[in-house]
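After this come two complexes, each holding chain A, first together with chain B and then together with chain C.
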Partner chain A sequence: MQNSIEVNNVTMSFKRVNALKDFSVTFEGGKIYGLLGRNGAGKTTLLNVINNRLIPTAGAVQVDGMPICENDKALAKIYYIGEKQLMPEEMKVKNYFDATACFYGFDMPYANRLAASFGLNTSKKLKSLSTGYSTIAKLITALACDAEYLLLDEPVLGLDANHRELFYRELLENYAKKPRTIILSTHLIEEISRLIEQVVIIKNGTLLLFASAEEMLSMGYSVSGKADEVDAYCADKRVLSSDSIGALKTVCVLGKPQNVSDSLEVTALDMQKLFIHLTNN
Partner chain B sequence: MKFDFDSDVPIFLQIAEQIESGILADIFAEEAQIPSTTEVSVTYKINPATVLKGMNILVDEGLVYKKRGIGMFVASGAKEKILSKRQQAFFDTYIVTLLGEAKKLGINKEQLFKMIDGGMSDAK
Partner chain C sequence: MRIKEMAKCIIYDGIKMLSVVYGVLIVSTIVFNILVAFLPNTRIGMVGFGGSSVIVLFIFGIIYFYQYIKVGFSFSISRKSVYLSFVLSGVVLAVISAIVTAIIVVIAAALPTGQSEMTQFFPHLYSSSSELFAVLASVVMFAALAFLGMTSGCFIGVLFYRMNTVQKVVVSVGAGFLLPMGLYIWIDLMPEALVQAVFGWIFAIANFAVVSPYNLSLVSIAIAVVFILFFWLLIRRAPVKDK
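For the complex of A and B:
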């Protein structure tokens, strides 16, 4: 399919574990995706498979209808940043920008502008950067390159609140000027919950949820009130979790509220809470 | 603009409501340009598709119109329309809640009237 990343029945086995099990998902072009999952769920493995850094045990990935495996043309459409810095650590930041420009179309003035707004000194060597600035250097290369698909694994790792805020703004501004597919994999769910259009949740190497952010937010709600009344209301509903403090009970319920009596209080669940309930064992 | 991210009202509806409130308060005058999707998206860190969905509600209701390549503008007569829409919704949004709370607190009709009367004369 044109303008998409298709992951078809991918299984990725390591010595003892199956990190992905018969996994299929399609990322449509031009949307911002949130790739969520608990530690070890298979998020990074999926991104590595998509970018051909890992060759799946079974199944295949297609980018714009072309197989990704050993395919330069397809790979050139994807830019991936992860936890590891693959460039030589003696390299200076500005040379890191130059190096990226060898492989992708690259907006150097924009990269330098971004470096200035984040306060990144481009004459520094990569090895001398703090965790936060190391991430920032990678983010800048991602924003300034012209790849149609950006895979950002833990894009705010080590960033302080100010820099995270700045990154989210720059990302949206960049996306407005040049709409492309962006996959954000992060644990800071609340921070990206309004930024993303689609949510993809992985659990134990399988796809748990693929929905729009709006659909996900309307999947559940919480009800609180007197314990016996709450219990009566929840009798025929799927309860995700419940907490009691004395006679007051709060229950998270899957579905949409129906005929709730006035004595009970209904509130929305945020994305992080829903995520926790959906992925708890 | 202010958004309540904990509310169970979807963000795109809040966007439409906030712009309506802006028109009502003359922040966005009739025939004046409203902020672009990108401006709202970047400022409040909301996905542009969500913002656009909110803006399109206003377009569908004829409160705002698009000028190709320039942006979106407040339609003439928009303020009047919003005013009458909100007046109609006033009972459901405010009176029903007010009566519910009054009942919980054991405030009777007479006391309630007295409070409204007092509140109205204070406001003058």
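For the complex of A and C:
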């Protein structure tokens, strides 16, 4: 399929551990995906397989209809930043930008503007950067390059709240100017819930959920009110969690709201609560 | 294929490394030339550049393979392109180093204490043929040896990249005595005829190599091709490593 990343029946085994088990998913072009899962679920392995950093034990990945395995034409469409910095530590940030420009179309003025916005000194060596600024350097190369598919694994690792906000804003501006497929893999679910259009949840190497953000959020709701009224309402419902403050109670319920009395307040559920429910053993 | 861009980066780093070593050699040789100018009947030319470039490219292959496989993964470059970039860069760097060596030696020959021989391996080369022919033969030989140096370095680089920590320790510590021991055991266990045949082949190749610089070049390239094949076998499914 054109303009998409197709993961077809991929299995990835490490000795006795199956990190991905017959995993299939299609990332369509021009959308922002949230790749969610608990620690060790297989998110990074999936991204590494998509980017040909790992060769799957079985199955295949196609980008725009082209097989990804050892195919530079397909690989050139992808830019992946992982948790670890693979560039030489002695390299300066500005040389990192130059190196990226060798292999991708690269908007250098934009990169320099972003560096100034984030307060990143481009004359510094990569090894002298803090965890946060090392992440920022990688994020800037990702935003300034012209790859059609951006795979961002833990993109806000080590970033303070201000920098995270700035990154989310820049990401949306960048996406508005140049729509492309962005896959965000992170544990900060609430923060990215307003950015993502599609949610992909992995559990133990298998696909647990593939839905739009709206679909996922409509899977449940929150009911608040007097404790006895809430309990009565929830008697025949599937309750995810409940919190009580004095006589008031708030309950998260799975399903669609039905026959709710006027004395109870119904609000949308947050993505993190649903995620916790879906991925709990 | 993004081989061209990758090879450019590797060649640039290789030239930087060679330049440092050549710079040190030139300065030290000049200092020695000045010192021996006061001694009677002593000549020190620009020697050691060819051999040095072989060693430099061997070390370069080990160190920079480790660096560039990761750069390749960073920029979504296939293993095949990283591999071909190293082979291409090896050819280019080997030829550049041999030509630069020849130029330095030719220029140095004009010095009062200079000597025009690029190599001491084949003393008959400079006596039995024209100087141009001798220099060309030396350039070919040093280019082939430097290419062998780089490919063997890359092979060791990828071998260590693929090995886990235990394997690295075993190979690093054990290779020194396990190989000779293994050789003795092999000689003891194998039929004498087979051992003699194998050693006969090795000596035949060695005897062939020492006949002329061209023979040595052919043998070097043949060994380099073996290293290149093993290099490919080890890199083609290499996983990303972030340490």
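Simple rule for what comes next: the second predicted complex is superposed on the first by the 243 of 281 C-alpha atoms of A that agree within 3 Å, B and C clash if a C-alpha of one lies under 4 Å from a C-alpha of the other, contacts with A are read in each partner's own complex, and residues count from 1 in each chain.
Please note the rule applied: a residue touches a chain if its C-beta (ideal position, glycine included) is under 8 Å from a C-beta of that chain, and two chains touch if they have at least 3 such contacts.
Since the model is a prediction, treat every value here as computed from it, not as a measurement.
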Could you tell me if A:Ile78 is touching chain B, chain C, both of them or neither one (first, second, both, neither)? second
Tell me which partner A:Ala235 touches in the superposition: chain B (first), chain C (second), both or neither. neither
Is A:Glu197 in contact with chain B, with chain C, with both, or with neither (first, second, both, neither)? first
Contacts of A:Ala176 with chain B and chain C, given as first, second, both or neither: first
Could you look at A:Val266 and tell me whether it touches chain B, chain C, both or neither (first, second, both, neither)? first
Chain B versus chain C as contact partner of A:Asn51, first or second or both or neither: second
Partner chain C, residues of chain A touching it in the complex: 48, 51-55, 70-72, 75-76, 78-80, 82-84, 86-88, 99-100, 102-104, 147
Enumerate the contact residues on chain A facing chain B in the complex. 31-32, 165, 168-169, 172-173, 175-176, 193-197, 213-214, 217-218, 221, 262, 266-268, 270
Chain B residues within the chain A interface of the complex: 5-8, 10-12, 37-38, 41-50, 100
Which residues of chain C touch chain A in their complex? 1-2, 5, 8-9, 67, 70-71, 73-81, 236-237, 239-240, 242
